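For clarity, chains are labelled A, B, C and D in written order, and residue numbers in each chain start from 1.
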């Protein structure tokens, strides 16, 4: 059994699957492409198994809170009630059940737009506190924000020069800065890839 | 067996960067210590932990909404390397780190990373499985629960590294309003970076996120691999200069070659 | 924040009608539809998810109103899981059946369900629009829908109007470059930059830029509505944000002068 | 019951918004109810979806088409649950190392051509020469900004030039951040306004 405990074994698995996926993109060869496709399909299935792991984690965490009457245990109890009842409804009556679809539209569907919406207020307060010209760089940030806002505001369309300045900021300085970030990001991911495949990376598979 | 059209140059570039990294790793093995500039955001992790210890609070760690199996995989793993280091610091100072997760597949990996951090600090008993919390696979589950943790559980500092989307603004704003000391960044989603840059005390962007694990490890071999990545950037810069000169002379040669 | 809230509520209750200019690319979509020969078939393709819908709702409703008044037929196809429900909601909201009694469902317009598979689905729809569906969104078998009989292949589609919350790559690659169908895009504002190069290259019939484009469209069809109110509120909120940024900087300057 | 639910429905939507937004004032019980209900529903929803997909893509092919090779991912999936046993928990590393391998592969292969090469190509074939030159310079600067090696290794005379380039890079990155900040405001503000309008419609009619 100690063989299965060795870190090298798992690094090797990562190395092989990773390299296979990369070669699949560059080389057209049936056996390789089919294996890679099958492997990707498997991983999707494994990920579905993992989701149930999330359910278990939820039960353990909130169950313990309720059991020990810990912080917010009443809310935890309510959460567990929702999880259990909705899971059962979903599995046995399908997602078209009125209660399921009711919660789907009005809670699940409404929270996203509300969440995006609440940010408008956060942004407003950030505009006051975070956009201060403490340095030259911060001044550039502030200027870009102000002109982009004017450019994007419907009313900006009738102000003189704003559309031209806005266009220029979008297509020249912003494009230049973004490009460097994207190039760096690509190289970063490529480098991270090699470290992961060779087992240097420490985010997973600790000793 | 043939190359897929349009991937020859990509393969060469990939091979170049990887060989440059291996070369520098080997050099580091030979005893030549790579010199790396400071990344202030990563150095600030100690300060984040210090503050939490001083005020008797906790540290919130957010890994974003990325999973392991898609393009966001490396970002997620990079975030977990930060979690491991952060856990080690926290364990040394005797404080807790709370990590809400949206991807159930990350639970085992995050839990191992945190546990290892506690073991490295020589304090494995202090590790609590309960601090790894699954908060549904929705980004809004993450946003509301982080807001809740900031509001209810005395989170004094927060570290956000991973793959983020729209929810990150809600989390960092809630943190900023509450006066939480924040270090944050994401690697790939360029549209969300401004929030980290403008609202966090320290921010990481793009490549710095991917380099976090190697940087924090202080392991010469990993630092060597970062120097290898620099070769890739120098190559890119060279290609841009060469390509622009060719463009001035009206040639599209390099443009066409890169598309091969 | 209260001020912000009030500024957003005022136009909702009573639109101010801040004038907005109509962009060329919005007008081009309108004109293209106006100039199509009567009885043309327009495909309204959709992939917007529920969280981004508020940005697209304005245009969707204005478009259906325009199509209802016009002499054309239209087929609604969905490439996003949430879209069919959102679209049927939009049709109900504008009372399509009552407002336009001469448009017969099944003969003049039809709402199809969700086609999974992203770009692959877009390609297979263009190849064989009849073959990819067995029934419409409401469960009517496709044999009973006379409009679908006219739609045999890509050449029967006179225009695709694409209401979308994602980037330009796949629709342009498939519908424009492969099948050469006239194509008008209506992306959310975040994705507009990805469509711009194709628009500038003349590959798009026109472009509707998010809620702003939607409001312009409302003006074109002569039915100013929620889109204009949203735009009023946007203008106010943006100006207010800028004011806050300026106040923040004044505050900063004063404290520096005092301190320094 | 369906009738009752449909009358309730817009009110619940507005209540969710109010609950969420009330956080702006302070963390409170209504926010907590929204938070826990949402997480509960979303967890259940993900589970239901996962089970449906497993039935369709795993159980059905095995039972109906005797596609026994799919037993491999089944075993791998189940190995994730060994983490609840102290002695066997290391076995969870099997599925995880495969997942990480695939994720790494997918990310690396997507980056080289679609990101790295495409960005270089766009920079060296600009539409307008003067803007193009500025973009190229700013791109060079921001690429330099990410160089990790410290400048100690460089010849003394080039250090000011190198640092200048990095400074340009920082400024370009800030401009990009500012523009992205402004662009994103449109989406966020539209969402806020549309939620408010829904509420206003409900209260005023």
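Keep this in mind: contacts are C-beta pairs under 8 Å (C-beta built on N, C-alpha and C of every residue); 3 or more make two chains touch, one makes a residue touch a chain.
Note that the structure is predicted; figures quoted are calculated from it, not measured.
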(message) From the centre of subunit D, which other chain's Cα mean sits the farthest off?
(response) C
(request) Mind checking the centre-to-centre distance between subunit A and subunit B? Centres are C-alpha means, answer in whole Å. (result) 13
(message) Rounded to a whole Å, what is the gap between the Cα centroids of subunit A and subunit D?
(response) 2
(message) Report the inter-centroid distance (CA atoms only) between subunit B and subunit C in whole Å.
(response) 36
(message) Among all residues of subunit C, which ones touch two or more of the remaining chains?
(response) 1, 5, 8, 51, 54, 189-190, 212, 234, 237-238, 241
(request) Would you give the residues of subunit A that are in contact with at least 2 other chains, written as numbers and ranges? (result) 22, 25-26, 43-44, 46-47, 50-55, 58, 72, 108-109, 111-113, 115-116, 118-121, 123, 125, 129, 131, 141-142, 145-146, 149, 152, 170, 178, 181-185, 187-190, 192-193, 196, 204-205
(request) Quick one: which residues in subunit D touch 2 or more of the other chains? (result) 20, 23-24, 32, 34-35, 38-43, 45-46, 80, 96, 99-100, 102, 104, 106-108, 112, 116, 120, 123, 136, 139-140, 143-144, 146, 173-174, 176-178, 180-181, 183-189, 191-196
(message) Tell me the shape of the graph of touching chains, choosing from line, ring, star, complete and other.
(response) other
(message) Following the definition at the start, I'd like every touching pair of chains, please.
(response) A-B, A-C, A-D, B-D, C-D
(request) Within their complex, state which residues of subunit A touch subunit C. (result) 109, 112-113, 116, 120-121, 123-125, 127-129, 131-134, 142, 145-146, 149-150, 152-158, 170
(message) Looking at the complex, which residues from subunit D come into contact with subunit B?
(response) 20, 23, 26-27, 31-32, 34-35, 38-43, 45-46, 80, 83, 92, 96, 99-100, 102-104, 106-108, 110, 112-113, 116-117, 120-121, 123-126, 129, 132-133, 136, 139-140, 143-144, 146-153, 173-174, 176-178, 180-181, 183-184, 188
(request) In the complex, go through subunit A and note every residue touching subunit B. (result) 22, 25-29, 43-44, 46-47, 50-55, 57-58, 60-61, 64, 71-72, 108, 111-112, 115-116, 118-119, 122-123, 125-126, 129-131, 141, 178, 181-185, 187-196, 200-207
(request) Would you mind writing out the residues of subunit B in touch with subunit A in their complex? (result) 1-4, 7, 10-11, 14, 17-18, 21-22, 25, 67, 69, 74-84, 103-105, 107-109, 112-113, 115-116, 129-130, 132-134, 136-140, 143-144, 152-153, 166-167, 169-170, 173-174, 176-177, 187-188, 190, 193, 197-199, 205-211, 213-214, 217, 219, 221-222, 225-226, 228-229, 232-233, 236
(message) Considering only the defined contacts, which subunit A positions touch subunit D in the complex?
(response) 4-5, 10-11, 13-22, 24-26, 38-56, 58, 72, 75-76, 78-87, 90-91, 95, 98-99, 102-111, 113-121, 123, 136-138, 140-149, 151-152, 168-190, 192-193, 196-197, 204-205
